[in-house]
Amino acid sequence: MLKTEGLTAYYDNIPALKGISINVPKGQVVTIIGANGAGKSTLLKAISGLIKSLEGRIIYKEKNIAGLLSNQIVGLGISQVPEGRQLFSHLTVQDNINLGAYLKFKRRYRHEIDERIKEVFGMFPILEKRSEQIAGTLSGGEQQMLAIARALMGRPKLLLLDEPSMGLAPLIVKEIFEVIERLNQSGTTILLVEQNARAALKTADYAYVLETGELVLEGSAKDLSGNIKVKEAYLGG
Amino acid sequence: MKTRKMAIITTVCLFGFGLLLTPTMVFSENLKVGAVFSVTGRTSFLGDPEKKTAEMVAEQINNAGGINGKKLELIIYDTEGDATKTNLAVKKLITKDKVCAVIGPSLSGTSMAVVPLAEQYKTPLISAAASYKITWDEKKNKSRHWVFKTPQTDTMAVEAIYTHLKKRGINKIAIASITTGFGKSGHGELVRLASKYGITIVEDESYGPKDTDMTVQLTKIKGAAPGAIVNWSVGPTQVVILRNWKDLGMTEIPFYQSHGFGSRKNIKLAAGAAEGVFAPLGAVNVAELLPASHPQKAVTMGYMKNYTAKYNEPLSSFGGHAWDALHLVAKALKAVGCDRAGIRDYLENKTAGFVGQHGIFNFSTNDHIGLTFNEAFLMVVVKGDDWALAK
Amino acid sequence: MPMEKITFANQLLQYLITGLTVGSTYAMVAIGFNIIYNVTEIINLAQGEFVMLGGLVMVFLHVAAGLPIVLAFPLTVIIVTLVGMLLDRLAIRPIRQPSVLTLIIATIAASIIIKGIAMFIWGKDPFDLPAFSGRHPIHFLGAVIQPQYFWIIGFLIVIVIFLTLFFEKTIIGKAMSACADNPGAASLVGINVKRMILLSFALSAAIGAVAGITITPISLMEYDRGAMLAIKGFGAVVLGGLGSFPGAILGGLILGTIESFGAGLIHSGYKDAFALIVLLGALFLRPSGLLGSIEVSKFKRF
Amino acid sequence: MLRIRKLPIIIFALFIIVFPLVSRLIPAIQNYPDLMIFAGIYSLITIGLSLLMGYAGQISLGQAAFYGIGAYVSAILTATYGLNPWFCMVIGMIVAAIVAVLVGVPSLKLKGHYLAMATLAFGIIVFIIFNEEVEWTGGPDGMSGIPGLSLFGFAFDSVEKYYYLVWFFVFSVFVFTINVIQSRTGRALRAIHSSEAASSAMGINVSRFKVVVFVYSAILASLAGSLYAYYLNFINPSTFDLFFSIKLLIMIALGGMHDIWGAIIGAFLITFLSFEWLHFFEEFEVIVYGVILLLVIIFLPQGMVGIPKILKGLFNKKVSNG
Amino acid sequence: MDKESRGKILEVEKVSMVFGGLMALINIHFNAKEGMVKAIIGPNGAGKTTLFNIITGTFSPTEGVVRFRGKPIQKLKAHEIAELGISRTFQTIELFGNMTVLENVMVGCHTRTRSSFIASGLRLPHDKHKEEQIRAKAMEILEFVGLAEKFSESADSLPLGGRKMLEIGRALATEPTLLCLDEPAAGLNETETEKASSLINAIKEKGITVLLVEHDMKVVMNISDEIMALNYGEKIAEGLSEEIQNNPKVIEAYLGSSEEDRA
């Protein structure tokens, strides 16, 4: 579904990614693990169009999308749940959710949107309770759910998740991963960046290991969980 | 990326260019006269006609063969009405451009900022601003040696108005004035001279230069029921207050404007509200109304025709100040050449009876204003969208 | 003297009416500030120039070129709107590292340029525009009102209702607010942030033009009026609370009324100072303006 | 790390000393020392403002008021009461400091645009007072008869003498300010700019530091105002209006606000642009001024002090590409 | 100091906090003994950070008393509390990004030094000498948290792990006796997490009391002596680590039922 070929990305003329080639097959959960500052988030940002100085190609449905603007990329069915949630914190929960379907609103698919809102509230009942609250006042877990809900409003074919479990309580982390699994089962392809390598490898089908902007290892999630090097570096022995 | 780089280089070059952009000194035999007017900025209504007039006068003099065969070179700097900028400009005119004399600045404030320079560098200065303090040193109680001025003072305008009020038997007035230098200085004179003319001020109001509505001030005035309103301002406010005056149904109370009302543009802008309004104006504003026998008839008519022909806009009274100043300097230059002390002495002693736009000047050792209110002002009234001499 | 005597009560009523009418012009400018602020969190100090342009372009089209008012009005709004869009394209969008200060300076620079060009085109004299429905004042309990003021207040009400509905009820309005909140996230849900900013500049320029057109018949208009209007509008918007449309109106009306009563009852030379002292007092007591939400202001950058 | 680099400061000092001597030899720039006096006076204000805005991150649109307070206190006390000018200068600084405390304590609790509006309002109120209290200040026509400065019988009565006096003050204030920036105080200020929450968690009394810097900037502006009054022997309110406050802001932005050098460069550039160089453009002067401002903001967001960095960047890129 | 307070460095008594009608903390009562590591756990939004903000003076509690070494501090401002010896880190790292690593720690030394505006402006020799001392002390602390080599880099350029360490270092520079760490391991991978744990242990060994908010139960179990669990602003359990881990209320609200799922 999504492929990158020799992707290099720059921050202030310094390369943060060096020739990354990954493949995300349709219907799978692919995860990228690695240390802090390895370039995991940069990779997601490059795919979703938030980073402009790029070299290499990003192939989505046989088309190169490198260089497109982020708002155009959303239109193609790629939604990102950014690191740190990035909600519209002074708008209400309902507004945040509505804006997730911004492009659909523009095309006047009112019916489809209502349906989608129902679905999303079904997935996260707590959000329906808080729908009139200002998003910035939600707790961390609720904010993360709202961020996912907002991304889902665009009915993405490919969902990019950046550190969804960061700073969340164990119980919530569990819930979030359950949601990811459920989404995947309902046909959404997922590219997951996670610090919590153990949980990520458990959920994912395939995994890449990133170190200082370069791919050092890849393989099925199962293989990698058993890999000694990975164990040492990311799973704490 | 490339255009950005280019633009950065251009920006840097612009500054470099600025550094190099220092006027080259050309040694010339021209007679240099410096001028400082507030051509732009909030008081451009003064400096703009002054600059245009000065340029026109210089051109006329040079077309007529110059002064004793030499060209009159006019160096004009814009002060933007700013004291600092005026100070710098006058110092530059005196020390670097080495002019024979300076005319301007346009405002009392900026004039006061350069008076010490004229004295310090011993250069004659003919100011185009109103305040009597410009030429009169209050501490030493005598005229400043090097400083003259051509406009009528506020004192004269106030005297003209008060005399007219007395004639009509009005002795209770209300004042409205703008909070700028023009208004404040007029206001000061109105208050100072009131008792001398037996006039009581029953209400004293003011407003800002960018105010859009003076209904409140007029309502207060209405409550005090004065015999007349005297308004001291320039710019759009003097028109807006007239409209408010009419809207409030106060036309029963006679309205006197200051000499700043001297342009027909104002009558037009008032859209009918100016009917019946009095103002003390210089001969220059009402040239065509003057009887043929009037001594200023010829010069004012000439100036009006030339100015309107050249710039295609109605005359304002302020340009006349520059006309008077530059002609006075030219006269002195013709007699004594580029000799600063000589010019000063000539102005003080030999220009008596000079017929200018704003009156007939008679400078003397202790009078560097050279005008009295009787000849400086005519009381006019708006009638049928034009000026008429008031009785 | 045949003229009827004015009572103190009449005077007070006149102060109130004048204060409200002058305040409504401040409110018009304040609303323009809010639109751009709501999308970019920038205070566009060139807002006053839109008002000035609205007045002068209208004078040019209606008085000089002789177009009828129904034609000249929309045409003026369109021209000023285009200027607003140019302002965004040429002065705001090219800035790579926006901070409050750089943006304030950029808008100041733009206002200097617009003012300079206006001076070049129209000269330095004030211009008049005929009032929309004559100049016969309306008398009301001993006080008078210019008919033109009903136009100003009418437009104000229409604009506020339109804007409140637009920002509260439409998805485009919400999307515009989202841009101010978090531009990165906005583009991640498919909002074209740059276009939204352009739209906000267009909208606020259009409203500035309407303000200019409606106030010129009362106060005349000249090239350097913009700065003063901008300052008063800025005061109104801050007093009311940045970003709040009802706040902008409340702020404008309060400032206008204080000025008017201050001038009428205390001292007219200090009327601007009274208004500003009240403004300061209000800010010290409520640091986010009268109707600004403290809760929301915590999540704002500027 | 902000370490003092001595070389630029020495070059700066030498430049100050040599400049009038050189300009005397070149007719085209012989009036430049006069302009430099004003550049110096403005530098005093911008140095304080740069510390306040660039380092402590607090915007002030009312700095002209303190400039005016210094000028008017000096003018009134000398011209009306005949006191010693140096003494009046100190009184002016004390008055400015007191006003700064009174205004700063409540205002500096405000943020962003609200702080901008509060300081703007303060500036306008002070301007209105200068304008309206005609008996004290002479109103819009201003005050004249302000004496010049002299020290032990040595009068600073020529352009060159006053030039050295002003730049002596600028240089001292500059060095003093650089020292402050590199001290505990300077670190605390930059910390406040970066995160107020973290600063107070580190034990920094955030509101006190903001007020201290505000007072310092007010004192410098007041000093500049006194120097202005004694040089021109005349002052009027329009010198101290809102537009001057904005001009100061422009100086800081143009020079670069995160560097004290930027304050001086900005003051220098604006003085020369608005008083000398742009004269060439006559009626277009305003437009050219606006365009230059816009170009600098767009292409040199760090101000003029950012130029070496950009040049270095261009150079490095060329090297790595080639 | 009365008898009861002895050995208790921090006492929180009946503290409640209301935000716009919302009860963020309800009648919280707990204390921390000198030299121990006390962890506070609970789901997001349970009020942990609010509690930290009250202890460190960002907010004043709506009700209740906070005592530090027997002295009530709930009315004091943040910088005054820092001076008394309570320091903290932030959940959303709040470094001084425009400064170098070393300068960040030097700012931390602020409370323990004095210098007047004028003295530093005149660069008096005394002041100069003090600066050198601060520098040396800051380098020492950087050594301790393992960032000495990066002292001249800008704080923003460090990776997340480094920034977290630097925040702890900066807090240590204020010479606290009570250190409040808000999620020191969030966003770190397991190796980095282990480093953080051992750093906290080293801090404890220096005799500094640590108050710890953390979701990573492995960290919590490894280093804390006591645990308090919050849920919806209320204390649901308090005690030794093992007790809490098996407390059914805590499991239900926070940990989830299955041991093996814990990540």
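By written order: A, B, C, D and E. Residues from 1 in each chain.
In the analysis below, contacts are C-beta pairs under 8 Å (C-beta built on N, C-alpha and C of every residue); 3 or more make two chains touch, one makes a residue touch a chain.
Since this is a predicted model, take the numbers as computed values, not measurements.
Looking at chain A and chain E, no chain is in contact with each of them. Least step count on the touch graph, chain A to chain B: 2.
Farthest chain from chain A, judged by C-alpha centroids: B.
The centroid of the Cα atoms in chain D and the matching centroid in chain E are 42 Å apart.
With each centre defined as the average position of its C-alpha atoms, the distance from chain C to chain D rounds to 32 Å. Note: centroid distance chain C to chain E, computed from Cα atoms, is 48 Å. Centre-to-centre separation of chain B and chain E, using mean CA positions: 72 Å. Residue positions of chain E with contacts to 2 or more other chains are absent. For chain D, the set of residues touching two or more other chains reads 131-132, 283, 286, 298.
Within chain B, contacts with two or more other chains are made by residues 40, 179.
Interchain contacts (touch definition given at top) occur between A-C, A-E, B-C, B-D, C-D, D-E.
The touching residues of chain C, counted against chain B in their complex, run 1-3, 5-6, 8, 10-11, 14-15, 18-19, 21-22, 25, 119, 124-128, 130, 135, 137, 143-144, 146, 215, 218-220, 222, 224-225, 228-229, 260, 263-264, 268-269, 271-272.
Put simply, chain C touches chain D in their complex at residues 43, 90-91, 94-97, 100-102, 104-106, 108-113, 115-117, 119-120, 227, 231, 234-235, 238, 242, 269-270, 272-273, 276-277, 279-280, 283-284, 287-289, 300-302. Chain contact summary for the complex, chain A toward chain C: residues 48-50, 69-71, 74-75, 79-80, 82, 86-91, 95, 98-100, 102-103, 105-106, 134, 136-137, 150-151, 153-154.
Residues of chain B that touch chain C in their complex: 40, 42, 44-45, 48, 179, 205-208, 210, 212-213, 215-217, 219-220, 222-223, 225, 235-236, 239-240, 243, 247-250, 252-253, 265, 268-269, 271-272. Across the interface of their complex, chain A is touched by residues 41-46, 91, 159-161, 183, 186-194, 215, 217-218, 253-256, 261-263 of chain E.
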